[in-house]
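Letters A, B and C mark the chains as written, and numbering starts fresh at 1 in each.
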Amino acid sequence: MASAFNLGTSLDPATRPDAVWRAELNEIDASTKWPVVVFLLSAVAWLLVGTVFALISSIKLHAPEFLGDYEWFTFGRARSAHLNAAVYGWSTNAAFGVVFWLMARLSRAKLRHPGILVIAACFWNLGVAIGVGGILKGDSTSIEWLEMPPYATPLLFVTYAIIGSWAAITFRFREEKHIYVSQWYLLAALLWFPWIYAVAQIMLIYEPARGTVQALVNWWFAHNIIGLWFTPIGLGAIYYFIPKVLGKPIYGYFLAMLGFWTLAIFNSWAGIHHLIGGPVPAWVVSASIVASLMMVIPVVVTAINFHMTMVGNFAALRYSPTLRFVVFGAVNYTLVSLTGSAMAIRSVNEITHFTHFTVGHAHQGMYAFFTMVMFGAIYYVMPRILRKEWPSAMLIRAHFWSAAIGVTLYWVDLEIGGWIQGLQMNNPDIPFIEVVRNTVPYLFVGSVAGIVMTIGHFAFAVNIAWMFCTRSEDSAAAPTLFHSRPAMPGASAQ
Amino acid sequence: MNDRPADRLRLDQAGTSDDHLHRAHADLVSKKPTHPNGYSPRSLMFFGLMSACILFSAIYLGRYSGGFDPLVYDERILPGMLEGDSGAPVAQDPKVLGRHIFMANCAACHQVTGLGLPGAYPPLAGSEWATGPYERIVRIVLGGLSGPITVKGSSFNSSMPSLGQSLRDVQLAAVLTYIRAEWGNIAPAVSSEKVKEIRASVATRAGPWSAEELLKVP
Amino acid sequence: MSRVPVVILGIFAALAFSWTGIVLTNQIQFGSLTPYYDQNEGRNYPDKVSGMAERGRSVYQDLGCAYCHSQQVRRLGFGADIERGWGERQSVARDYIYERRVFLGTMRTGPDLRNVGARRSVAEWHYLHLYDPQLTSPGSIMAPFAFLFEYRQLLGERSPKALKLPSDYAQRHGLDQPGFELVPTPRAEALVAYLLSLNDAYVFPEARPYVPPKKNGGSK
């Protein structure tokens, strides 16, 4: 079932005049420029903030006296500051930037009144800043993935209303009749996010539910942030960038909508696998376990789609930074999802629950999958909206290898350490303090991995800053690739 | 926006245009290749995988859902498995009941340790009164105690309120059983029937007991 | 494309399905759980906590204790929670009905605290542990919470709440100056009151343990 044709050779300049659609695309890219630039730059700034708190938290785990005198940096607060800066600061800002650029492009619709989005972006960042500051100050709600105090979140909600509706409007006024799978994923994510966020805010903070109903709402919310907000955006991006860069259509594309619907139905039910064995009714736990295992179906669909498309084209990874990051993300998406399905099995969960295994798993998902895909997207998007090329291929290489090695070391190390921790915790003959002491070497390696990732983040930030300071006329004539690539037939596409 | 040097010279990483991305994929969906045998082995395998998942899920959900009862927390339980499911009350462990009653009603004076307060409240731990004939202590809890009393060689002279009105027979029996088996005390349990008997036999009596009176019992 | 409204409906329905099943159904089924009245004991369970303990819960929340400590005991046979003495039975929903914020937790960097008030019932231990975990648990990776304490000049008599540090420790850290004492701040006192209140003493009917029947010839 090989692809029927190669898009590269099927480019027929006679179908539309080159200059016309190029000009149109230039206009679309230009309309998205300022909002996307603001979102992506904010994202990178929050990436650095999140990295600082990540390192502080990680070091405190094996050296608890580190910054131990400062109440504002106590582990419970530093760790929550890291999570919220990374999720709502870096990941969500990057998501907004990529969503707008992709939606405008795929819908072939200019982004209207982009100035409003720039204002929205500023308010989003203000909200996150107040939220993270509030956590450090001591106003954390101690609700996982929702720690920001109630005085920060209404701002985020109102801002999101603008952002979400703007992206939906862009889709609504599309010029392109065909709707590509990425557009479905992005639209769905935009519609799901406000619902899960609102339910969590109302039932956990404003009118808290009684007893462990809170826990059910908390984990329905937190898992859906990953599974119905970040995952569809990541998948939508991968579905675009792989065929786009390769010039090959998706293998098994007709499966894509099946993957979309099974993701929607099963992932939304999977959240209570975070509460296996907990004080919640057994039936809802069992339902979530079933849903988590059924997730194998959409994961296999995307695995077929992404990996089989890449087969025979791995050579392109030599040249394209975008492809490298995005494919790394795609591979880790498959791995982390299959791991997640396995972790939902009760007998596995008996060992992994409450251990560092879960932390490793979470980072494989949010970093090795989502963040790496966002990196790849940013490497593609920035040159097109700034009309400049990346100044340094070496920095991109440094970024890729630091991030890839760092995160892989991190999640592998924590999953091994967490597995051992779980086995030991289940053995009552081993005193608890000994179980804790045995985790310390793994936590130390985790900090080392974090430092490796940090190097990559700085390479990234420096490259972006440098790119900004370069005038477009001085910029390279050819795209910044890792190695120079032989010219592809018909590859004059935008 | 027209034809700047960057536009003309730049060779993109893109292998195709967005336009062709749309066209090619639209074609893929609408012009699906048909197979000579009418099915493709890969499709069958995938269908097989889906069916297996659905079958497994149905079986798992059927067995481990506790009848969708919100009060079932142990996934192994199905309705009707536990005694008491029929509505009949479940027997409570008397030792646990006894401890709870003691903590709520007695520990304030006699202390959690059963050591009492020297000069104020007599100890129960190692007390000859606690381990002695049950008829005495049943009367104490039913009617209260007032006046001098010697416990473990020390003398006390205060008053203990009666608990006969606020606690039922089964509760009194449980707490007395508790103090007779705690802190190293070893003495036989007190049953609620015995408490009921004694309550009936002293029904006409008013006022707290004195140590002198009790020593004449049985 | 005319498909768009149908797809949007489908997107809505997919989330509505799980929202109804996980959130709404459970809110209806046990969102108004009432305390259990025990006939024999003549009182309701669970206990409501005192004012001090309630304030302590806020301290637990703002310091983020729930990110290292869980508060849920798993059933016998699933993990070793009960064998470790973390509880006598599986935690059930009724244990948490009076908690404004439920701290089930998802990490056991430190031990489960659901019944810590039963197994560590002396306030002094908690004060020492919070001040410097190494005092009670050498090798622990728990952070020191010295900022919850105050090293202050004696006001007349020594406060009964003053911490009794081992003398070599006090010497090493300069905490043995005459005329000074180390006392907990009100936040520390509230936190410890909260920790001491953590004790699920009662066995609700729904918390009765299930003993699976023996495989060969056992009676049900």
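As a working rule, contacts are C-beta pairs under 8 Å (C-beta built on N, C-alpha and C of every residue); 3 or more make two chains touch, one makes a residue touch a chain.
This structure is a prediction, so every number in the text was calculated from the model and none was measured.
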Category of the chain touch graph - line, ring, star, complete, other: complete
Relative to chain B, chain with the most remote C-alpha centre: A
Interchain centroid distance [CA atoms averaged], chain B/chain C, Å: 15
Cα-centroid distance, chain A relative to chain C, in whole angstrom: 32
Inter-chain centre distance, chain A versus chain B - centres from mean C-alpha coordinates, in Å: 41
Numbers and ranges of chain A residues touching at least 2 other chains: 178, 279-281, 287, 346
Where chain C touches two or more other chains at once, by residue number: 26, 29-30, 75, 90, 92-93
Junction residues of chain B - those touching two or more other chains: 70-74, 77
Parts of chain C lying in touch with chain B, wherever the complex brings them together: 26, 29-30, 38-43, 75, 90, 92-93, 201-203, 205-210, 212
Of all residues in chain B, those that touch chain C in their complex: 70-74, 76-77, 81-82, 84, 89-90, 92, 96-97, 100-101, 104, 167-168, 170-171, 174
Touch list for chain A against partner chain B, complex: 1, 4-5, 7-8, 10-11, 15-16, 21-23, 25-27, 30, 105-106, 108, 176, 178, 180-181, 240, 243-250, 253-255, 279-283, 285-287, 289-290, 293-294, 296-297, 300, 319-320, 322-323, 346, 380, 387-389, 472-473, 475, 477-479, 481, 487-488, 491-494
Chain A-facing residues of chain B, complex: 1-2, 4-7, 9-29, 31-33, 40, 42, 46, 49-50, 53-54, 56-57, 60-61, 64-75, 77
Residues of chain A that touch chain C when the two form their complex: 60-62, 64-65, 68-71, 74-77, 79-80, 138-144, 177-179, 184, 187-188, 191-192, 195-196, 199, 203, 208-217, 220, 224, 228, 261, 264-265, 268-269, 271-272, 274-275, 277-281, 284, 287-288, 346, 350, 353-356, 358-359, 425-428, 432-433, 436-437, 439-440, 443
